[in-house]
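Please go over the structures that come below.
What follows is subunit A paired twice: with subunit B in the first complex and subunit C in the second.
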Partner chain A sequence: MSNGPLEIKAISGHAGPVPGRDTSRDYDVCKLVDVTTCIGCKACEVACLEWNGYPFRETVFDNTYQTMPDLAWNYYNLIRFNEHTASDGTFSWLMRKDQCMHCADPGCLRACPADGAIVQYANGIVDFQQENCIGCQYCVTGCPFNIPKFNPETKKVHKCTLCSDRVGVGLEPACIKACPTGCLHFGSKDDMKDLAGRRAQQLREHTAHTNAGVYDPPGVGGTHVIYVLHDISNPEAYGGLPANPRVPWTVKLWKGPLKWLGNLAMFGGLLGVTLHYLRFGPKQVKEDHAEGKS
Partner chain B sequence: MTNGWIDIKNTDMMLIMGGNPAENHPCGFKWPIEAKRNRNAKMIVVDPRFTRTAATADLFVQLRTGTDIAFLGGLIRYVMENNRIAKDYLVQYTNAAFIVRKGFKLPEDGLYSGFDAATHTYDKATWNYEEGGDLKGKPDTPGDGAPSANPPALPADVAYDLTLEHPRTVFQLLRKHFSRYTPEMVERITGVPKDQFLKAADLFTSIRKDGDTKKVGTIIYAVGWTQHSSGTQTIRTAAMLQLLLGNVGRAGGGVNALRGHSNIQGATDMAGVFDLLPGYLKVPTMADVDLKTYLTRITPKAAKPGPWNSFNYWSNTPKFAVSLLKALYGEHARKENDWAFHYLPKIDRRYSWAEIWDDMYRGHVKGLLAFGMNGVAIGPNSSKNIDALKKADWLVVCEIYPDETSEFWKSPGITTDEMKQIQTTVYRLPGAGFAEKDGTFVNSARWLQWKNAALPPPGLARLDQEILARIFLKVRELYQKEGGKFPDPVLHATWNYTDPHNPSLAEIAKEINGRALADVTDPKLNQTIKAGQQLPGFAWLRDDGSTSSGNWIFCGSWTEAGAQIQRRGTEDPSGLGIYPNWAWSWPANRRVLYNRASCDLSGKPWDPDRAQVWWNEAQQKWVGNDVPDFKPDSPPKDHMGPFIMNPEGIGRLFVPLAGMADGPFPEHYEPTESPIDNPLHPQQTHNPLAKRFSTPLDKFGSPAEGYNIICTTYRLTEHYHYWTKNNPMNVQLVPEPFVEIPAELADEMGLRGGEKIKVTSARGHYLAKAMVTRRIKSMIVDGKKTYQIGIPIHWGYRGIAEDAGKTGLTTANQLSPAVTDPNAYTPEFKGFLVKIERA
Partner chain C sequence: MSATISRILRYTLNERILHWVAGLTYVYQLLTGLAFYSPHLFWIAVLLGGGPTSRFWHPWAGLLFTVALFWMLEVWRNDMRITDADRAWAKAMPHYIRNEDEDLPPIDRFNYGQKYFFWVMLWAGIIMLISGLALWFPERIPWNLRYLRYLAILLHVSAALISIGAFIIHVYMGTAMVRGGFTSIIRGEVTPAWAKMHHRLWYNRIMGAAPTRR
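Up next is the complex of A and B:
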């Protein structure tokens, strides 16, 4: 998923400066999902599959309109359908387009130990580079939204690219293009925040959704996919959208303050091995034992 | 649609009922969303289920399927009781002030005056206006009224009372008629709790609160209204409500039918119905012995209050009819032979969809050409259709996939031995898909839009027109060689195409538009259309054989200026979404019908911010952003009615004479299979004119026999009819058939989501998995706890899931009854009784 035209801001597990930094000036991009105008038509699901060239899969009936229970390594975009009864008895059928949130502070990138497997472009897109992925799945642990999915056959992890290959050449993501109601918008983060804010205000002032708001969680530094929700106080109702997502403390600790400990342990181990070699020499293998085993 | 898809963005209020546009018209649904986003418009959704449309609504109301007239009737009563009417509009633009003749009786007992119990028809003589002048303040004298003409006709000079106080004004009769539709009665019939009904009624009619005339509300519906035994009257009730509120003819208003298929509007326009000719001309009957008799019968005469004026546009019927005959039979249609009127088939009775299958079942129809439809799966009462096909001699199916019709003998339940007994010869023709054909679609907004073929048909597949042309030419050859009972209509049919075996659709489109056969001059415009030239519009059609047109309402679509239907101009100067240079809209590229009604009596728009047309005093004509739907030089002082297609010139609250088969006003009747007796008149529960068939397979169930669950059928976003079950992408999105079951009912049965169930009606059964949901709730109907379930119809016994053995191989329409509405002959797919059990 390498992209020439986009400027890279950060690279997972990479020592030294970021190549190409300060050469391109892409603005922060953002996808706005106005959940209040989503009709669950799944055009975005199909567009995503078709653009990414993934085959259609066999699914099974699961007592829901939702295509399948969760995202998959080759299914980046899923509308989550939830029947919800509010505390006042109001019934609603919530449909939320679920995909990578493209966090400004991406837990996946922080957790990833492989050089160049995850990059964050200057425009905010967090992209997996499968050719560098070592299949350790630390990114899965690092993601507070449960997005990256592992392909057991290739041992690589995949997720929504925010169509970096389209955005890089000036196109909107495939899902945006397919959306029939205009529930999906794409533009600069500032513009989308403004649009989302005004829409939420309109909902609060002119509809029964007096608690409408914009989901752009600060715990991950804000996201490059933001939602307008009917009820901002209860994102969990929309199919498990976390109320206050954060990069897991274990990842933060391990990749942050404790990183020197790891390095120390690694270098300590190496030192020990070297000392052991110097002191005792190479390991002697007993011939008879080896034969007896075979 | 009276209006159009884009125009919905101009509305302040939406009532979406009998339709589920978010799921079945997702692309068009952007316009309701635009109205909400840009105008803070309110959306009320009334449906048996909480749908994906309901998910975006401001207010959702769950009603019992088949009780829409009761709900809408309750709204009409609410409008009148709470003075939410558009008074000037009502008095001036509808027949509210007209006096109905003596002897007309309202259906307090379920029947209007004139009912004949033996034939189940009405003598409509009393369904008429009274003749003669202004009856303001005059007492209503007793008596039966003057005898009406025979055959009954509308009086030329209609009696009226502009104060609406005369007891026999349409307004007073309407008030009396709907006075029975109280919120309590609405609750008993529809199952909608009174407080919810009142909330919806107050919200929808709030546009006329405190005498406001600027705001506009729209009503949006689809086959959820039509597919009932009183379907046509349901739509009438909606139209009446819109007339009372003054919403017809206005941007953001109207009564808007969403057509379910890409060209269903075009099919209707081009006479895909047995009793219509192209352009909504009526098909001749056996009584129409010659053209004159026929034209006299179908050409209305103006009928209006004396001081008013009526354009009565259908008075031009002879021009449309003769031009059609010229298009059909060319030089063989001459004045001397009555323009070949005797070539036209005459109908002696109904030949609607359900009748065709009934006739085949009874052995009268020996063969069927099935193009672009899956007759077995679309039902109703599919088992009867399958049995009917077993009795046919031959069946031709033109399709892009094998389907339930082309393999009807594979229907579950037919044994191998039985299959061997079936003697029907089946011919399967490989058709072309929509992307492999050019031509036009007519959308719900009446736009004729040309499309290009994306790729050629694969393999041996052929275009529809080539297949039909080859069949026609072969039949004609047989008539030429062997003669026949009546060869002339076939031998003399016009067939002047460059490639007769594969006519181009562009040539056909030009032929439908029509051309001058001799020089035609309009002295008023001082303009002449030369012989051979394409006609610029239907105002040029003549009844002297000098013009031909295959469909008068399409005249103007392909002119000397080129193919209007291929235009792609994106200018919208008014900002109202009119886009006058995009494609072409019938009639006359007019985007909103009856748009004269968007102005007050003096010709000024009710809302200057949404000005469509207006009277220009300086130019002495109607001008505007849209094409005026009116006589362009008729000044407001002449009081010409805006509803120019009615002989009265006004919108009909009361439909006189033969307009409706089952009553001048709509009345609630229970669906043919219903859990209760009609609370309005238990002795007359059902529509007395709804047609039932009488074969052994036309069976009906009752609650006493255990059929006590209401079932409705519908379609999903993810599938298109019975096609997409062959497409892995769609199958992935919704893989299997299912039945939506209220969670409360599932709890009672101990049923969990995903378990297999069997749904049984008196006619057949359906096997699928249960989708247990809280989106359908139990209802209290006339004091009884009642459940509704729902079945999406998209599966059968051929398709990816079917072939993989993952489904029950039944079609949903094996459950539905073949009972038809008496006006449009649409079957009652949307509400019948079933029982359910674990399979």
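Up next is the complex of A and C:
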């Protein structure tokens, strides 16, 4: 898998080939979610919980095929369910696997003030390091996909790691392994883009989904999780997938020009009062002569 | 003028406590806030007990700071009203800056700059309180109102920066520039000469009434 010293070469007592061996993969990893073949079985949700060691959390039943209303700090991966009526009157269920998109330009990382609380690996994975997190939730504000979730008890924020701990040793993410329909794929970004492109083309040419396309939003520099959608012109229908996500301009303003303006103003202020003191000095009161000026 | 009066009470104990509750909480806010403002200043958070600790206390100290501000408003509301005497003084402010105090029209208990400092801090404090609450509980702001989160962070930082500008001048004047000012906010007292030079109308007012002495 990812090229690294911990790529497994041989496994003792193992029937069959070493998983992932001899597959050509670039350094950039990518998860492809083909929503057109997702049946909403939630195997990936269970695999995610199992791998990350979380118990199943409480939920509410809201008469849909969605496990819970939203992602949670210990629920990284949610199949969003939407009933959709197309303009021609056809009705469908849309299932979309929602999780961190592993943006190439991650708004969470830009916003985070804590040294080392968020890292972006060279393979594209954006990972939160809870031991360095101060719990300010700036990442919540910075993320255009509404992903990071706060644990009020530990005051740490969590989200999908793209199984960096598995990928780092040459395994694929847990959700990929669990998917029974093959709607999830994992590989290099180039391979996944290629595969996604061919699948979208197939849909356009051989099905009624003439608007099918690949979701790899350029506003955040592309993502390391990409979707094949039946209708690329309406990502919002899939449980609010933003049509054109970008790092909020206010976040860029705050972390960029405002910072420099502020630094300039603060240094300017300190310099100003120092110069004033050097030029004019203090106001002293002459005690016996009340009108006195020093 | 009575020759026996050597000290005038400028700030009551209540006012001094008030000032220092506001001052110390502000400094804590300033330091912890700056730690999260710039990675180059993150070490401040480390010194103050670590990132999570600083993050935990910043909003609470902020609440205390705002309480102190409103208490101050309660106590100083009348003293802080800007009058015609202040406007006349403001026109002559360049003299004040150049320490040509004899060219200044007389003023009451606080000068134009002090009053403005108070109002800037009060309004910046209110903005920081409201935006700070949004930063404190971002997940309480629904996703479709998320622009409020974005607005809050800009408002919080901008108000903080404006208050810092005012604060730098305030501290400089209170400690280095206006001699006697710092003792007055610690011990509460000034000399008659100090009062006459800086706040002639106030001096006349309190001396005309019952002269305060300790």
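In this text, the second predicted complex is superposed on the first by the 235 of 294 C-alpha atoms of A that agree within 3 Å, B and C clash if a C-alpha of one lies under 4 Å from a C-alpha of the other, contacts with A are read in each partner's own complex, and residues count from 1 in each chain.
The definition used in the following text is that a contact is a pair of C-beta atoms (placed from the backbone, for glycine too) under 8 Å apart; a residue touches a chain by one contact, two chains touch by 3 or more.
The structure displayed is predicted, hence computed values, not measured ones.
Of the two partner chains, neither subunit B nor subunit C is touched by A:119. Of the two partner chains placed by the overlay, only subunit B lies in contact with A:37; subunit C stays clear of it.
Residue contacts after overlaying the shared chain place A:178 against neither subunit B nor subunit C. Set side by side, subunit B and subunit C differ in how many residues of subunit A they touch, and the one touching more is C. With both structures placed on the common chain, the touch criterion links A:263 to subunit C but leaves subunit B unconnected. Look at A:63: by the touch rule set out above, it reaches subunit B but stays clear of subunit C. In the superposed model, A:103 makes contact with neither subunit B nor subunit C. Look at A:93: by the touch rule set out above, it reaches subunit B but stays clear of subunit C. In the superposition on chain A, contact of A:281 is made with subunit C only, not with subunit B.
According to the touch criterion, subunit A has no shared surface contacted by subunit B in one complex and subunit C in the other.
Touching subunit C in their complex are the following residues of subunit A: 113-115, 132-138, 140-141, 146, 149-150, 155, 240, 248, 250-251, 253-254, 258-259, 261-263, 265-266, 269-270, 272-273, 276-277, 280-294. Taken in their complex, subunit C has these residues touching subunit A: 35-39, 42, 45, 51-52, 54-56, 97-102, 135, 138-139, 143, 146, 149-151, 153-154, 157-158, 161, 164-165, 168-169, 172, 176-180, 191-194, 196-198. Residue ranges on subunit B touching subunit A, taken from their complex, read 22-23, 26-27, 29-30, 33-34, 36-37, 40, 50, 52-56, 58, 60, 717-718, 728-729, 731-736, 738, 753-754, 769-775. Residues 36-43, 45-46, 49, 56-65, 67, 83, 85, 91-95, 180-183, 199, 202, 206-208 of subunit A are the ones touching subunit B in the complex.
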